[in-house]
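Read through the structures below before going on.
Paired with chain B in one complex and with chain C in the other, chain A is shared by the two complexes that follow.
Presenting the complex of A and B:
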């Protein structure tokens, strides 16, 4: 019994330390975003020799939204002879194929790829489309996105830097007025991009390629075997693949693009669970390569590792909560003495790892929507909601690892309506 | 229970309050989508295009009134008919058919729009100016906002080109000019207007976006890395400062996590990207763009970009160009650019660039973030330390309580394990002249002294006789513990009961003697005396008080009406005896009794010296644990216990330490109980009688421990008290 209690205590203290590390990390990010020197992005560069860009847009039953993204790209200010649009119709059963063909007739720059069989999902679609793409740079948008006029140029400019393997822009939800879930997701997006991603770019750690509103060098991906169709988080996988091979990911905060966020808790739960499952499978694959990478700097390794395990932490944290309750009722919570109190204080104040309040607050300040800070306490609900769903995602990933089962891609439900689109356009 | 409910309620309120606040805000505000300017595009000539576009549109409707409505109503002057301008011109100037040539010394606080050439000579400042043809800024002209020319824009020496200077043809920048952004197909630095331009040639470099031959983490590009022609084909990515040596060519890009230095005559076909400063030596050439998070320093004859193409020079820090440099495209410097600072173009010698230095951040220039950070850090550390200290103290207190509880739980009172000490059943471990030692207790031996008995009798009788008539007089002598034990232990003591009876027999008839010994004997198996001390317990005092009440005709309240409380782990004065080696293993406990609603207050007067009094109030049952202080306070002169009975009935007790345990039991039946300490009353006769009369004593008790009967100190003090003042 004594041994079991000791194990419980050691685990508890380790998790507290881990939470403290995340708290410090988020604090540093927030501080950097407000007070630190902001690292310049490349959008001031004017270059008459921009690379040829292939814009890939994976689509599966996207009849509701596809015209927004295509129309937006058609009016962008990138030289028309320097880019092409490849919408990937991935086994759609609605009018997507027909609509794309109509676009193709009207605009030669649009070259749809129809996939009616074979492996489904975003990674497989991108692999096929890259074979077709003429561009050396691949930019990816989801079908529900609305890129601005200058967005493509801003993203492409990053590749003037020979070390940049991928670039990530910022997504901004346009359907935030729907309900309180969308309001809260707006807070999370702000914190995640305006504070977290920008701080990681400033501090030269590991900004994350997010799979959309971003681009990468085609050759790197093709030379390293393309995307793995078995990985749900192909974006995270790409980030770590690039870093471990000596490339960098940069973040373009001004390269903003509207997106649609889930409007129901059920859709959000599935999305988060899928992210967790994919991210954790990447963690299993890249944990050691990151630590032993010859190309990554120590700070990239540190932050890269913390980022890698970020979807495992909620589960570990949940276990620690149960652990602490057991210890409490066993009368063994005397770890709460002395200087350990520092750790507890830090861990408690940081309130977990997934919704770092001060990063969100920082982002809202920077974005000039200070009043939305009043919504922060409601993030508490999301915290426990994610705790559960991310934990399930981790268990899914462990199951995938053990059973070697085939992972099937699941698309997030779309909710688009014209009102939302109008709000965004205004 | 009430406190717990209040605490839980407060906790829930505090927990929910922010959430309720948030819900209220959520309901009140529907949220606003973060605005993205979807149609915004970056254009280096944005200012001029925006201004001329608006102006041309409004000019079509201009009515000649001298006012034109742009973003707001502005005064406007048509320059063609003007020969002289106000020294401070606050109107927009529009020159249509003639060149714009204002007189020297003029300040233009609004925009100038020239459709022909514009020549500013001696103009001090101008907000903004554009020309559809050539534009020349004379020496020392300061542009506040922007300047643009569709022909050649020439800035003479010492000009400030404002935020943006652009041209669709060419910009020539004179010595010691300052700028933020420049844009033109060709930008020449440090060249006079009449000088012959350098030869311009263009190359089709065709560098691929993805570098194929890649060199990692090198510090120098030397001849060893290059071919015979001095050419290195490949892109360089390095975490170090990198230097490209003289006359070498890199057919690729260079990317450094630190600084980049090109030595003289080096050529780079691709882009330069650096996290720190970039230094370009004399006559170096970069065909691509140059981007640095630090500063850029270019020596003379540096060329960036190539004709017919647009390339950029971007620096977070400064950009400094020296003589005869040129850029094809765009230059931007957040910290401000300079051309040939401290110039003398005709005599200027090539400047030797210093070794690359890391770019210093702006962080320390703003001190308040550091102050806030330090304050936050201090607050966190202070809070943490305070919390830790408080928790430590709480924990220590809890630990002590735990220890005490554990001792109380595990300890057995006495060797026989009886909680009250019980009757003796063991044999002594040691017998000395004064004491009989057992493992768990020490008993005092009593020696019968006829002389002492006689003296005590005399003194007590004298005291009783001196009391006024009408006062009820009582004598209470307390036996030793050993007298209550079995016969086998009586061999260690003379006859205590007999000695008490002998004294009682000598008392006058009006003195009521209290048979304490018998009262105690009836309860001899109970916890009447401490085992580690010679005094009686509160329980022992209760039985004596019961006997007193019986003699005084008072119906005493039963002990069940009292709430018993106790202190654990009391070790009495016997433990101080050298022979009492095992006593500390068997501590006593101290019980005290409180009756709900009863008066529990006393005023104690301690007279330390003749004129030094210490008066203080304390509960009748003092909660101290120190020695004799366990009952009603420590050594004192006298004390006044406030009773429950509000009638003129007052009791005075003259006694030793035993009286302190007795007095609280008697407070329900008197208005006051005055306790005079026979050992420590220093007041003398006068004060004693003052007390006596002040409180109108109706009952008077002398009580004394039988061992003290021969105590000369007590006898002398009693004698002194009762002597006539």
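Presenting the complex of A and C:
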């Protein structure tokens, strides 16, 4: 019994230390973003010969939103003979196919790919579309996104640098005013991009390719076997594949693109659980390759490892909570009770893309977002929401690893309506 | 001339003098003061709680005791109070109410559009209470804490929270803070004052419930009204401060403090 109690105590201490490591990491990010010299993107480059870009847009039943992304791309300022748009109709059962064909008739630049059978999901769709794509540079958008006029040009510029394997732009929600959830998600997005991603870019650690509003070199992916259809987080997988092979990912903070965030907790729960499942399956594959990579700097390895395990942390924290409840009922909390607060201090600050309150506040300060910052205390309750759903995602990933079952893609529910469109245009 | 990067790359120049003043002149002395005086503070708190509890509990059964805490800095004082074990009826009633509330929490969370995080929060608290109920139902004699033990645990936890918050608020206001020193000091002292008052009132309320109602509520009080609840007001104060700074740095001379490259 004494041994078991010792194990519980040691685990408790280790998790407190881990949480503090994350708290310090995000504190450094926050400081760097608000007071550090910012590392500029390639905005000063004016390249008269921009690369040919293939824009891929995976779609599954996207009739509600596909017009927005296509119409936005059609009016972008990238030379029309230097890019193509390949919307990928992935087994849609609504009017997506018909609408895409209508666009194809009106705009030759749009070349839809209809997938009516075979493996479903974003990675498989991208693999098929890359075979069709004429461009060496692939830019990916989700169907609910609304790229700005200058976005393609900004993303493509990065590939003039031969070290760059992928580029990531900033995602900004457009349906912020819909309800409390969308407002809170706007805070999280702000913290995750304006502060977290930019700081990682500044500090030359590991900015993450996010799977949309970003681009990559097609040949790197094709030469390494394409995207793995079994991996839900093909974006995280790409980030680590690039870094472990000596490529860099750059972050373009000024390259803003507007997205629809989930408007119901149910949709958000499914989204977060899917992210966690995908991210953790990447963790199982890349944990050792990152540590032993010959191409990554010690700084990249350290931050890359912390980023890699970030979706496992809520589950580890949940175990620590259970651990502390057991210690409490065994009468063993006396030693730790003074430091109980530290567990929350770290945990509250460490949930992946969901930046801690001081990092979100830093981002909102830079963005100049008034009033909504007063909603920050409400993220306290999201803490348990993420704890639960991210932990379920980790258990899904463990199940996938053990049973080798086929992972099915599930897309996030769309909510688009005309009111949102008005907000986005303002 | 066009300004391309209205928000993408702007940042502020660190204000080294204010930062040094805040960290060395305010936060550090506060932390040192607290470390050397928390024993005294806990004594004053224990005296106050003991006096307040005499309204409902006979003074003869209340005492102030001392327990070791941090090496080098001394122990803490706390109030010894009589324990009240829950009756079978109370346990059964709690079991029924907890199960009903848990059912309510899980029922709407399936399709809730508004309150899912709150339901999960309450479900975790209720599950903790359920464990306590089962413990008292089947192994009451083995329950490891008396009300006095709990009082000691509470004070140690509270000292840990105050110390953590002094450091955290100090670092946030001192290092991550911007704007005038007055605003930062107000936010820092506001947070710590509220934390102190809240901690004292919570101690009194917890001791009253544990002693007058029963020990059954120890776990739920410890795990639900603990550090996470403290974070709520910490972030409240911080968000008010940041909102004020966002407004200030958006107008007048402060606007000129932004660096764009």
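Everything below uses one rule, namely that the second predicted complex is superposed on the first by the 403 of 426 C-alpha atoms of A that agree within 3 Å, B and C clash if a C-alpha of one lies under 4 Å from a C-alpha of the other, contacts with A are read in each partner's own complex, and residues count from 1 in each chain.
Keep this in mind: a residue touches a chain if its C-beta (ideal position, glycine included) is under 8 Å from a C-beta of that chain, and two chains touch if they have at least 3 such contacts.
The structure presented is a predicted model; accordingly, all values stated were derived computationally and were not measured.
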item	value
When chain B and chain C are modelled together on chain A, clash or fit	clash
Chain B versus chain C as contact partner of A:220, first or second or both or neither	first
Contacts of A:292 with chain B and chain C, given as first, second, both or neither	neither
Which superposed partner A:177 touches (first chain B, second chain C, both, neither)	first
Contacts of A:149 with chain B and chain C, given as first, second, both or neither	first
Which superposed partner A:31 touches (first chain B, second chain C, both, neither)	both
Which superposed partner A:361 touches (first chain B, second chain C, both, neither)	second
Contacts of A:382 with chain B and chain C, given as first, second, both or neither	second
Partner chain(s) touched by A:369 [first = chain B, second = chain C, both, neither]	both
Touching partner for A:269 - first (chain B), second (chain C), both, neither	second
Clash with chain B (superposed arrangement) - responsible stretch of chain C out of 2-10, 200-208 or 218-226	200-208
Contact residues common to both interfaces of chain A (with chain B and with chain C)	31, 34-37, 40, 43, 180, 256, 334, 337-339, 341-342, 345, 367, 369, 371, 374-377, 380
Contact footprint of chain A on chain C as seen in their complex	4-5, 7-14, 69-70, 110-118, 120-121, 124, 128, 131-132, 135, 144-145, 149, 152-153, 156-157, 159-161, 163-165, 168, 171-172, 175-176, 178, 219, 222-223, 226-228, 230-233, 235-236, 238-240, 242-243, 245-247, 249-250, 261
Footprint of chain A on chain B - complex, ascending	18-19, 21-23, 25-26, 29-34, 36-42, 44, 183, 208-211, 216, 235, 237, 239, 252-255, 257, 270-271, 273, 275, 288-289, 291, 293, 309-312, 314, 316, 329-330, 332, 334, 361-363, 366, 369, 372-373, 380, 383-384, 387-388, 391-392, 395
Chain B-touching residues of chain A, taken from the complex the two chains share	31, 34-37, 39-40, 42-49, 51, 72, 77, 136-137, 146, 148-150, 153, 159-163, 172-174, 176-177, 180, 182-183, 186, 190, 204, 217, 219-220, 246, 256-258, 297, 334, 336-339, 341-342, 345, 367, 369, 371-372, 374-378, 380, 423-425
List of chain A residues in touch with chain C within their complex	27, 30-31, 33-38, 40, 43, 170, 179-180, 194, 198, 253-254, 256, 264-266, 269, 321, 324-325, 328-331, 333-334, 337-345, 348, 357-358, 361-362, 364-371, 373-377, 379-385, 387-388
